[in-house]
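There are two complexes below, and they share subunit A, which is joined by subunit B in the first and by subunit C in the second.
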Partner chain A sequence: MAADLVLDTAIRDWVLIPLSVVMVLIGVLRYFVSKLMRSSQLPDAKIVKEGQVIIRARNLRASANFIPSKSFRARKAYFGNEENGLLFVPKGQAQNAQAQMFSDPNMAMDMMKKNLSMIIPQTLTFAWVNFFFSGFVAAKIPFPLTQRFRSMLQNGIDYSTIDVSYVSSRSWYFLNMFGLRGLFSLILGEENATDDTQRMMQMSGFGFDPSKSLGAEKDGLDIIQHEWALPKFEQRAEATLRKLIS
Partner chain B sequence: MVSKTEETQVNRLENQVDNGGGGAWEYLCLVRKLKLRRSDKVLKHGLSILNDSTKRSTLGSEEWTLYEQVAIAAMDCQCLDVAKDCIKVLQKKFPGSKRVGRLEAMLLEAKGSWAEAEIAYSSLLEDNSMDQVIHKRRAAMAKAQGNLSGAIEGLNKYLEIFMADLDVWRELAEIYVSLQMYKQAAFCYEELILSQPTNPVYHLAYADVLYTLGGLENLQSAKKYYASVTDLTGGKNTRALFGICLCTFAIGQLTKGRNKEEKD
Partner chain C sequence: MAGHDDSVSSEKKSSEAVNDIPTFNAENMQNNMKAVYYSRTFMSIMGGVIAGILGFTGLNGFIFYFLVMAITSVGLIAKAGFSIHSYFDSWNQIILDGILGGLMSFVLFWTFAYDIVHIF
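Up next is the complex of A and B:
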């Protein structure tokens, strides 16, 4: 009996299509709003420098064997010096950076703007969908699915007898929310700001502490053993030359 | 770095465009993406697009990028009138833009009015002290005026913050070599080797510097680096082969008369 559930065409015209259209329009609107609110923020010299120091120290660690040991020792001392080395972080300053990040009103403002442009439209649309379209079976996907997909596709409908391939309106909303990213990148250009998942990643990465990675690099440099690779190259060069001649 | 496939693609497109085969815009995009310096071609083909209003309008907002690209290419070719026109168009479109301000300062520099360009660059730096391009331009300007120590100072200041910038290390190394400050140049080349340990060009330059410095230890190191170049290029680098010969000869001269164990 579940198989011959017939969906009214009015549901298609008044639920399925409006929902998708509204989702697209909201996505576009959000893109422009966030574009308006985005403030170009100048990178801080200290942070840039720390990033560059880490790159350089990583290079040094990775290819230390390619420079003479005298040069390596000089660099190691320069990076890991306890007084004013580049990788040395004075104690107590690490805490400071974190605190400064939160006390900086610009930073907090930026975060709030990002959050506003993300959370407010989402709650509003969700409430709107819930209010007008709750409980509809909006669509049917053309292939059968196992029971595990029920919570994904039939959110908001509590009948266990309906076949899983029917999609409820609320689930259709969720599918649209996450599935329209490809469409957005098509109509708004590659780097559109509506990428929610990416933004969430950024949020969790917030509070990243550069001094920690500086310390890690320093430890890495400390334990590295320098073994000049160049003497080996002489033999290898000889071998290549011999091969060339023969 | 430009990979092999990209290079062949660029050359193929360039050939095609030169023979009137179309694809000029793709060629310009690729040149911009790979940061190549083919100013004469960019100027020629970019202008042909810009002068054709139908072609220009198909670009949409990319039009302004093309104006910028052509302006820079024109300055490189000393076609200052063309550059001036391009910058004028951009200025009308984006009044007060810093990116256009940078172009104007570059135009002043291309004209050779150093003092004015310096003022323009400084005022731009006041707004954004982290602008890498402007720092580099100032160093380049100092070099163009023959003020090599000024250029060195600028580059060193730049490297204090952006110390992972390879091109700047390389430029600095070359300036040091031209001033015969080989120890400093050696340091710069070591830095380059560290970041790209399999690039034979840096090994070769480092070996040259070491050989020029002289002394037994340096000569032996130089020989090793020449050997590594030979290995990395598969024995096809004549300069490296000649370098090995010279090093061996010089080491032989220095160690004449000593006992054989030290020779090694």
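Up next is the complex of A and C:
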């Protein structure tokens, strides 16, 4: 291992700090741009209805024990019977919904916009970093690492003699990109850009199928063991009162 | 950790006495989890800056990180009034969740502060 390098303070003032500040600002900018570009399309009435039905069924399942079994059975039939229950999906319709989802041009457009708003600033900043700050040591990681990390941390420097813990500016950019996610979630609130893409991946496009979740909810209702809680409430009240007295 | 969880907590506590009826409000639960996540992220960033300024290197820094996370856990437990089960499902949610998620932020800010203060 070579001795400690002496770095110019100008590197700190003109590379390290500006690079980090720019990364943060670009993150903020991207958040607002993607917020602007988000088209507020009217949600499909059918999908909203299905979502609400699922929520109602879930509520019923969660608080099933607080209603008498007769009421519970009536509600269960209302949601899950095989003819016109709300959770019952006819066989042929399932495929149809998904196909429609994929062929919807609005959806694809929205997805592409989101992706573009991610990719374009990233490419631009990477090009900017490459152009201005390529090829010198910008920072030092305060813990030792093995040689394996050299290609990751010293991207753009081709010396094999300097210690691995020294980081090139290009790699500092990558470090920033991954490490700032937490900061963004603090300063931008819940729905920052990275979270948004993850949610997009789950919800639309891949695997989100309303009829499937309807079916799952129906199964959940079918297997639930109903036991009315009210008869036991006297004991419960007794226990609570006893605890109060003692 | 808002006060509106109190009704949930009292109900839950009394129900534990006789039979275990889960009386959780999913939204409040989620809110609690979010609060834990935010405090952990905040503490990891602050811990990173402090570790960098104090000039920890190597293993010391990581020990400091886990120390900070332990302090955060204790703080969260104290905030919950030492009755975890009125706010969370299990101990894991308050003690272990999100510890590794904050590590990246911690390393970044540790490096940043350390570089600015010490190596130039």
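The criterion applied here is as follows: the second predicted complex is superposed on the first by the 146 of 246 C-alpha atoms of A that agree within 3 Å, B and C clash if a C-alpha of one lies under 4 Å from a C-alpha of the other, contacts with A are read in each partner's own complex, and residues count from 1 in each chain.
Simple rule for what comes next: a contact is a pair of C-beta atoms (placed from the backbone, for glycine too) under 8 Å apart; a residue touches a chain by one contact, two chains touch by 3 or more.
Bear in mind that the values here come from a model prediction, so they are computed numbers and not experimental data.
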Could you tell me if A:45 is touching subunit B, subunit C, both of them or neither one (first, second, both, neither)?
-> first
Note to self: Between subunit B and subunit C, whom does A:176 touch in the aligned arrangement: first, second, both, or neither?
What the structure shows: second
First (subunit B), second (subunit C), both or neither touched by A:37: neither
If you stack the two complexes on chain A, which partner ends up touching A:185: first (subunit B), second (subunit C), both, or neither? second
Of the partners subunit B and subunit C, which touch A:140 in the superposed model: first, second, both, neither? second
Exercise for review: Could you look at A:55 and tell me whether it touches subunit B, subunit C, both or neither (first, second, both, neither)?
Suggested key: first
### Task
With the two complexes superposed on chain A, say which partner A:236 touches: subunit B (first), subunit C (second), both, or neither.
both
| message | Is A:7 touching anything from subunit B or subunit C once the two structures are fitted on A? First, second, both or neither. | response | second
Residues on subunit A touched by both subunit B and subunit C 62, 236, 240
In the complex, the residues of subunit B that touch subunit A are 128-130, 160-165, 186-187, 190-191, 193-195, 197, 221, 223-225, 227-228, 230-231, 234-235, 244
Subunit A partner, complex, touching residues on subunit C are 14-15, 17-19, 21-22, 26, 34, 37-38, 41-42, 44-45, 52, 55-59, 61-62, 101-102, 104-105, 107-112, 114-116, 119-120
Per the touch rule, the subunit A residues reaching subunit C in their complex are 7-9, 11-12, 16-17, 20, 62, 65, 139-144, 167, 175-176, 178-183, 185-186, 190, 229, 232, 235-236, 239-240, 243
Residue positions on subunit A within touch of subunit B in the complex are 42-43, 45, 48-49, 52-53, 55-56, 59-60, 62-64, 66-68, 71, 75, 230-231, 233-234, 236-238, 240-241, 244
